[in-house]
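Each of the next two complexes has chain A plus one other chain: chain B in the first, chain C in the second.
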Partner chain A sequence: MTTEKTLSLRDRQVDQATSRLSLAYLFVAFSAFGIAALAGMLQAMVRGGLITLPGGINYYQILTAHGVLLGLVFTTFFIIGFLFSGMARTTGGSLPVAARSLGWSGWSLMVAGTLMGTVTILQNDASVLYTFYAPMKASPLFYIGMALVVVGSWVAGWGIFAAYRRWRRDHQGSTSPLFAFMAVATMLLWQIATLGVAIEVLFQLIPWSLGWVPEVNVLLSRTLFWYFGHPLVYFWLMPAYISWYINIPKIIGGRIFSDSLARLSFVLLILFSIPVGFHHQLMEPGISAGWKLVHVILTLTVVIPSLMTAFSLFAVFETTGRAKGGRGLFGWFGKLPWKDVRFFAPMVGMLMFIPAGTGGIINASNQLNAVVHNTIWVTGHFHLTVGTSVALTFFGIAYWLIPALTGRRLTSTVNRLGILQTVFWTVGMLLMSGAMHYLGLQGAPRRTDYTTYFDHSTALGWMPYQQLMGIGGLFLFLASVLLIGILIYLGFFAPKGFTEYPIGENGDTAEVTPRILERWPLWIGLSAFLIAVAYGYPIYELIQHAPPGSPPIRTW
Partner chain B sequence: MHLHRYEKMWLMFGGGALLLFVIILTVNAYAMGNMPPSHMQMIEPSKVDETPPFDKPGLRQIGENEYELVMTSFVFGYAPANVEIPAGATVHFIVTSKDVVHGFQIPGTNVNTMVLPGHISRVTQTFAEPGEYLILCNEYCGAGHHVMATKLIVADEGKE
Partner chain C sequence: MVVQPGIPQPDRQHPQTERKDSSLKGTFAAVLLLGAFIVVCWFAVFSLFVSRG
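The block that comes next holds the complex of A and B.
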């Protein structure tokens, strides 16, 4: 195939200007991923007593780097890069100029913030973990860096909105492409959710860390953080759902189950993922048990959109598998393209979401939370959700997205290596996360350096499982190295050619998508209402009946 | 919007399970009193040592084999340390922090609460089995977080 022909084929999917933007986001995402994966492996080995950190490096320093670089940087950069590319792909192959410049401004702000944060962490001036709980005080530059990342992501989100608005203006009366709708929903959730942490950082932590105000309201800062912290996990999950709803049907040769139900589930995710943050604060004094229960009940309602998603996905799998000749109750399962990494990696992610989601229900339960709160069970839980379901889906996307954007081919060797990478990652996570779940039930705490608590028998009993964690960490690190190697090859060295950007078609064409689903002011209003109900009075109380605040302390 | 018949059944099953679950949680919380620690008491964090009951931390008997244990937590320890109680004792822990946020957890029991500066945490547990229980901090609090622990010794010779 000639170069020009490749170029035009590629441009028909996503034009070069958008490809560059999207690749810039992916580049930062996977650079952060690589550093953080090394930190993760070290953490797992240290906790197991298999190694000690050289050069007096503080365990909590690398743990801060791991949490910030993976939980905040890798995910946010990947998501925005992916959404920009899909937005262009489904709205005519390009982004309006305004959207692209917003995209680049957002990228610059986020990169600046990430660098500031990383430098303060490297200087050991911000070993406060990615939740930066007051009154432990990091360098003001750390908080400013985090604020820049958030503001940058807002600007990028406005870029997504601008592209959506242009499409609707040019296609009045028609339903927007499903990808565009879902991208808008995801970035809208993000804008609403980050308000909490933005208020915390801008109005509480930055002035306090600069010494402009002497004290901080600790419980209020934690509440604002967790107002953001739970929808954060849905912000990670929704792009994975986008890929499951839209890319996967095309990859397996099927069709989207129902356009309207997919949209409805995203609307429900916006409504029910925000007014629920107290389930992270169940063990905290100073919030009444009644309000905690309100949040617990709202938390559990996400079962409904989750079950809708599970139904849609498996309906696509079954109908596609049967169309390919799968017989009997489960024959269709074997007919799915297991040897295609674009399907295999996210599918393993989906399957792992079943135990992951079950663990989440346990965490959110009012009473059971006392057994698992702040134990390493929780860390095991979110390495299944974000670390496996979301991460494997993102890897699966990167395997076709990067060559599609660079005009290269996903070769069969890379496909095989990708499958190997997925297997390594899965084995590593099963070992590490399995050990974490078990240890957590025994009471082993999370976020804790190697310790035997002065040779206490209880803690000594944990050690074999901590070692298992370490071995899982090794597998994961191997998988990470393999991943980075593959992505560098796909980005710079793979043979030139065409790789498909898979977008599924709606299977139920007779169905008309209800207009109300695109009435955004309605959903924003409802979301604001639910937030006011769930948070209005408790936050009023937190401010009115606050104990004296806390001065800043550096304890590391 | 059209819902497939199987999807309706699936969602009814899910919705029903959700409802049942919420009812169980609510009954457990309100009828059986299994609430997460949510006491709304407060204290001035810089004056913990002068404020009762933390001016005299320690164990106080308040009933037959029933005790109040007033403890402070700080970087990186708890006071008093290594408290001894008889087997079968019911202990009401009353804890606050003198500096940053800490945790208070006893592996093998349901004792698990956050300890925030400015707030007083209360949690109750009956210790039927004798042994040396580990009390540990499960919220990152600084460079010595992993050595922040003490013991609760449940003695064998106490009354059953």
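The block that comes next holds the complex of A and C.
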């Protein structure tokens, strides 16, 4: 095929202008990922006593870099880049000019903020961890940088909304493409969720770190952070769900199970993933048990859309596997395309979501939280959720998205290497996260540099498992290097050609998607109502009966 | 299956799955197993909580 023809084929999926925008986001995402993966490996080795950090580098410094660059930067950049590409792919192949310029403005703000944050961490002026826990105080530039990242992501979100609005205007009376609907839902959740952390950073942390106000209300700052912190995890998950609902059926040669069910689950995620932050503060003095109970009940409601997702995915797999000749109760399972990395990586992610989600239900149950709170079990838990389910799905997406956008081919060698990369990542996570879960149940704390607590026998008993964490970290680092190598190859060196951008079709053609699902003002209103109920009075109390304020503290 | 140099080939890829013969027995069994797994893990940690109480 001539280059011209392959180019036009590519353009029919996502035009060049959008491809460039999307690739710019992916580039920052994976650069941050590479640095942070190195930090993660070092942390795991240090905790196991296998190495010590050179040159006076502080453990909490690299831990902050790891948390910020992975939890906030890698995920947000990847998600926005992916959503822009899919938005264009499903709304006619391009983005309106306004959407693209919003996309680039957002990117610039986010890059500026990321650089400010990274530099202050490297200067050892911001070892406050990615949760910014006051009264630990970072340089004001760190908080300003993080604020720029958030504001930039809002601007990018408006770009997604602009593209959606154009489509609705041009197709009055029709149901929007599923991808576009889900992208809007994800960015809407993000706009509502980040209000909490924006208020915390702008009105509490920045003035306090500049010395304009002497003290900070720690309890309020933590509450505002967790108002944001839980929907943050759904902001990571929803794009993974998008890929599971929409890309995967096409990749395996099947169809979407139910368009309405998919949309309903996203609406439920918007409603129930925000008014639940107290489940991160179950051990917090100063919040009454009654309000914690309200949040726990709402948290367990979020299980419903997750189980809806599990059900519809199994259904897609079973229907497709049976059509390919799978027999018996589970014969369809073996018929799935296990040798295709586009399926294999996210599928391992989905399977790992079973223990990951189970851990989440345990964390959110008040009594069980007393067993695991602030132990390294929690770190083990979210390395399964975001570190495995979400990360493997994002890797799986990148394997086809990057060549689709650069007009190159996902070759069979890359496919094999990708499978190897997935296996390394999974083995590493099973070792590291498995050890973390076990250690946490024994009481080993998270966020802790190497220590034997004066050779206390209990702590010495933990050491072999801490070393196992270190070995897991090595596997993970190897997988990260392999990943970066593959992505550079796919972006710059792979043979020119066509790679499909897989978008599934609805299997049930008779199904009519209820119009109410697209009445955004209704969902925003309901969400605001639930937030007001869950947070209104408790926050009023936190301000009226504020604990004594705290001056800034530098712990490092 | 993966590497499709050349052309998108949507239709070869889905043998039009007819809904009539698509049983969801396996899906039902799988979600029951999933539920059971959650309950077992939950009670395992709960027993730890009780024993340390």
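Convention: the second predicted complex is superposed on the first by the 556 of 556 C-alpha atoms of A that agree within 3 Å, B and C clash if a C-alpha of one lies under 4 Å from a C-alpha of the other, contacts with A are read in each partner's own complex, and residues count from 1 in each chain.
To be clear about the criterion, a contact is a pair of C-beta atoms (placed from the backbone, for glycine too) under 8 Å apart; a residue touches a chain by one contact, two chains touch by 3 or more.
Please read these numbers as outputs of a predicted model, since none were measured by experiment.
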| item | value |
| --- | --- |
| Which of chain B and chain C A:283 touches, first, second, both or neither | first |
| Which superposed partner A:323 touches (first chain B, second chain C, both, neither) | second |
| Broader residue contact with chain A after superposition on the shared chain, chain B or chain C | B |
| First (chain B), second (chain C), both or neither touched by A:31 | neither |
| Contacts of A:412 with chain B and chain C, given as first, second, both or neither | second |
| Chain B versus chain C as contact partner of A:371, first or second or both or neither | both |
| First (chain B), second (chain C), both or neither touched by A:358 | second |
| Partner chain(s) touched by A:342 [first = chain B, second = chain C, both, neither] | second |
| Touching partner for A:508 - first (chain B), second (chain C), both, neither | both |
| Which of chain B and chain C A:548 touches, first, second, both or neither | first |
| Chain B and chain C footprints on chain A, overlapping residues | 307, 311, 315, 361, 365, 367, 370-371, 508 |
| Chain A to chain C touching residues, read off their complex | 1, 9, 250, 253-255, 307, 310-311, 314-315, 317-320, 322-324, 329-333, 337, 339-342, 354-355, 357-359, 361-362, 365, 367-368, 370-372, 409-412, 415, 441, 497-500, 507-508 |
| Residue ranges of chain C touching chain A (in the complex, touch as defined) | 1-8, 10, 13-15, 17, 19, 21-27, 29-31, 34, 37-38, 41-42, 45-46, 48-49, 52 |
| Residue ranges of chain A touching chain B (in the complex, touch as defined) | 58-60, 127, 129, 133, 135-136, 218-219, 222, 258, 260-261, 264, 281-289, 292-293, 296-297, 300-301, 303-304, 307-308, 311, 315, 361, 365-367, 369-371, 373-375, 442-451, 453-454, 456-459, 508, 511, 514, 545-551, 553, 555-556 |
| Chain A-facing residues of chain B, complex | 1-4, 6-7, 10-11, 14-15, 17-18, 21-22, 25-26, 28-29, 34-46, 75, 99-101, 103, 105-108, 110-114, 116-122, 132, 134, 136-147, 149, 151 |
